[in-house]
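Mind looking over this structure? Questions follow.
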């Protein structure tokens, strides 16, 4: 095929890396040309992820070994902090490269915000300026024209999708948004840590990063922009014993004159025609398992028993629409491919 | 032992019934004298719950077959609605009986509230009046003097314990309490329903009863009483893939002059000396698995990033402190036994 | 596309039915023309399985309502026992129909065996004779020429694939095959039964159908055929707390002169070129999660510490290669489509 | 109480250590006098295991810091290999000490066996000789007289309990014992390893240590002794997604004249009067969840469909009867306490 592009995946030994491979293997316009994993360089991908036994894939190499001349687009699935230097280096070698970055390094547009939330000055300020924030449905035009796309956080995507349209239409109080966002374990990655052992996380639940989770900064940025003023969201993530899925329960206070039905109507209109976003009938509650393994999002709006509040629920798969799937969707946009290509699969349920 | 009492458990074939048996088998002052299960009458308890293989227990009988003369106290673990008639009947036969009721039938003191939330007039209004609301730590004196104790809902106990003291001290805004309360499956009981099958609830999460869950009425009753005015809580329960545990994330707005630290201090003082309630150090977040299988509660208070809000977290085991354990605790109070008797076991973790 | 075929799925409200829909939505040569679910007729598929929200699918109808003239192939995902009559009725109306049956009704070729294991005489003896046993890799030619394909049981497929080649080559003792086959819950279907509730099956394991599980009859039939004599397998299924996956641990006694390495070599040769079967390197142990959600099978052979035995391990996803995926694979064979079409997706892991 | 003994737990920061604390807190004759955890010395136990918040417990110290003069009995829950030196050191300082060792270091009586299975010569041969093998029900007299008890492996206890009596009575073929033993994750301990992460082990199953798991050596030792000759068991452990529980499916070939019923009768007689062992009615299948969190064992015997084989099933909680519970039971025996003391709790189910 004439328009087959060559992609590299940096950080292929992590979960977002393997998820990219899974999705791209079904993409008709993509050739996986390079896979990197610094500490596992030299191994076959099937040694690191046995689900790929029998698949022809390039061996894992170091980032330094990539032949960038042969690469059209890079997915960067590396840890936060080190990513900015790596990407700056890639662009130095090849200005025309496209990069979809799954780390947090280019998500915040304001250098001061970055420093506040990440504790050190940004190392690639010029790139930070040009990066497009990658919630595809809300920023499609900027993404299409960018060479660097900052794929947003999984919690962030989940809450931004339903709340930004409501803030834009001034239907809810920007000062009183309460987000409780339950997530499965795969979002925590593959690093061996005691608190991520099966015995430590099965049969139980706990909050983490309370009052200070870094995805809050992405909510702030997008909520402020949407409402045209400072917003005030309280964000509490919960870790629950499942692999995949994010489930945001957002309690909102209605603006004067607004109703829960009006919220529902606005979301329905905003996302009419969007292939990946289903707004359920008013009052219906989504379940995370119905988007598991897919790039789909399900949204629900329910009235509270009193007149002034509503509960907005949003769910997606953290590794797909919350990471690698949205990255592929952004690749489709930036490359001019049909946006759903490689992402058509419905949820694996049960 | 001179002070051994005889108890009957009505509804022994359900999960709260079997949990009562588990706990009471370790209680030095209780003899399990009767077990009822109308549809399974005639069977051995070990046929219905094989964990009791080898234990000497009375066979399951119907309620009609109980010899009330030989019974000092009844635990009633029957479905909502039918319970009020059953208990009225018991008291008719034996006025001096003590009853700890685990259903919802006697939790609401106001008949109008009951009718609003349960859809029909209460059938035992006199008993409703005399029932003591059974959050032990907050209502000990009334419980000690009652013959009928209404054991509160599992979600209710979880949120009432941390929030009522804060409302009493006027430290938080009664108009803006947002409760998201994640629960395991055992709270849904043992009835065979499609939506409770393993394949329907594993690897996923969803909200239920949004905007209308009946435990809201118990929060209203206790929050109004504590604040001395109408309060306004939004309560959203989540169902998550675990057996046991409730985990309430309560986002509160601080009253003028209050701080998150002050909230923590108040809870610490309120529950100092309480054997079953641990207030964790300020900023520490509890985990439901650390109370699993036990009658203990863990509370945490964390400051939000802004000055005006705090996140209060409360967790307990829905079948123990959320149901059968608190029922035994209430039995201890009403019978004048040491309050911790039969309930000393720490959590089963991992 | 000229060669688009129209298929009907009978029993679309069960898990194998929804899995067929999931797979066929990605199949380039299939149109889902009819979906039946007698008790849920009239409902939209998305009401029964919300993962299909937004997908254009026919409404659920009764079997009687199908317009067979417009159907080329029927997937029958109905309960055992009633299926034989339904399929006989379909062929009466349309002799040229192709049917892939996922029930057990046509798996046993011998009417006496059927009666022994299912407790009643077969009601469609002529069809029973012509049905092709649908382990695709081992019976491809018969499948290609059949109009009725009996998709085998999930446990059966898992053990037949590794053991039949070893029996054919007389490498193992047919008298001493011990199969312990662990399965997830989705194989038990969607019927509301107490023993399938989350609380009854999470955090634990138990055997079921010990000494008498009906899939044993399929093992007997295929093992006898492969060894050319009566074989003797002991088959114990375990139910474990996961949704998807079967994991067969087969302990075999080596025939004189055979070695574990030779077993591995034979499987490697037998399945060389098979797109869905990966024989792992000698001594490597498969994991069920690496085939989850996919049509792939992973096989492993490990030597026991003594010289005379080996452990052969086989794993697949019970809803895909163990049911709906193999059904689609058989459809591909019988329709002359590329065998992997619609089935290329790799496992969803993690 | 006059007969209160002081115990130390070495390795209190691991799961068997915390389980010992949980059990001993309910034991009326034991004072927990010292807790060690070399790398976490100085911390409070509640920092390492928050379920102990509010319990008065000694701070964690190093082994070197223990005041042995004040200790009557030591539970040693340290890693294999290093344990033998530690225990030799303890006895050097205090000959009259009692030690219950939960490691593998003293389980094999034959130094050659130890060297074969552990890859190095034993460092404390004299102690190895005097250690009593701690399957309580089968070795009670030796345990009562020992100062060093080697608590057996969790898989070993599970299979030894049902199989040794059958071998002693020559009811089964010692040459053809096939054990498939499914275990939960907590047996793997608390070390941070990639393969033990929630995402790596949930929703799936796999075998491990196939053909070479070290618990095989304990089966060999006890099976050989029971049968009076060399036996031949094939042992395959499976890891399944649950925390607690071991479930052994043992396929046995009947000796001439034996029947499955006879096996059942023998186990029933052997364990009549044993407080912790329930032999279910013939043909009934145990479930691991019905012993979860308890020191109980449930055994079942089922006939295979042919006359010559039977399936013997045994289940227990790996952290209780498979480790810390049996250690406490052995302490009770060696100290002359009632054997069930501290261990009476029934399973936590659901």
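A, B, C and D label the chains in the order they appear, each numbered from 1.
Keep this in mind: a residue touches a chain if its C-beta (ideal position, glycine included) is under 8 Å from a C-beta of that chain, and two chains touch if they have at least 3 such contacts.
Composition by chain, UniProt nomenclature: A, B, C, D = N-acetyl-gamma-glutamyl-phosphate reductase.
Source: prediction; values computed, not measured.
*Asks:* With contacts defined as at the top, give the pair, B-D or B-C, that has more of them.
*Replies:* Result: the pair with more contacts is B-D.
*Asks:* Taking CA centroids for every chain, report which one is farthest away from chain A.
*Replies:* D
*Asks:* Determine the centre-to-centre distance between chain B and chain C, using the mean Cα coordinates as centres, and give it in whole Å.
*Replies:* Result: the chain centres lie 46 Å from each other.
*Asks:* Using Cα averages as centroids, what's the distance between chain A and chain B in whole Å?
*Replies:* 39
*Asks:* Please tell me the distance, in whole Å, between the geometric centres of chain B and chain D computed from their C-alpha atoms.
*Replies:* It comes to 36 Å between the two C-alpha centres.
*Asks:* Would you mind listing the residues of chain A that make contact with two or more other chains?
*Replies:* If we look for residues of chain A contacting two or more partner chains, we find 15, 185-186, 199-200, 202-203, 241-244, 286-287, 289-290, 292, 349-350.
*Asks:* Under the definition above, what is the set of chain B residues touching chain D in their complex?
*Replies:* So the residues of chain B touching chain D come out as 15, 18, 22, 25-26, 49-55, 185-186, 202-203, 243-244, 275, 278, 280, 286-287, 289-294, 296, 298, 319, 344-350.
*Asks:* Considering the complex alone, what residue numbers of chain D touch chain C?
*Replies:* Contacts found on chain D: 176, 178, 180, 182, 184, 199-200, 202-208, 210-212, 216, 232, 234, 236, 238, 240-245, 247, 249, 251, 285-290, 292, 302-306, 309, 311, 313, 315, 349-350.
*Asks:* Within their complex, state which residues of chain D touch chain A.
*Replies:* Listed in rising order, the residues of chain D that touch chain A are 15, 185-186, 188, 190-194, 196-203, 241-243.
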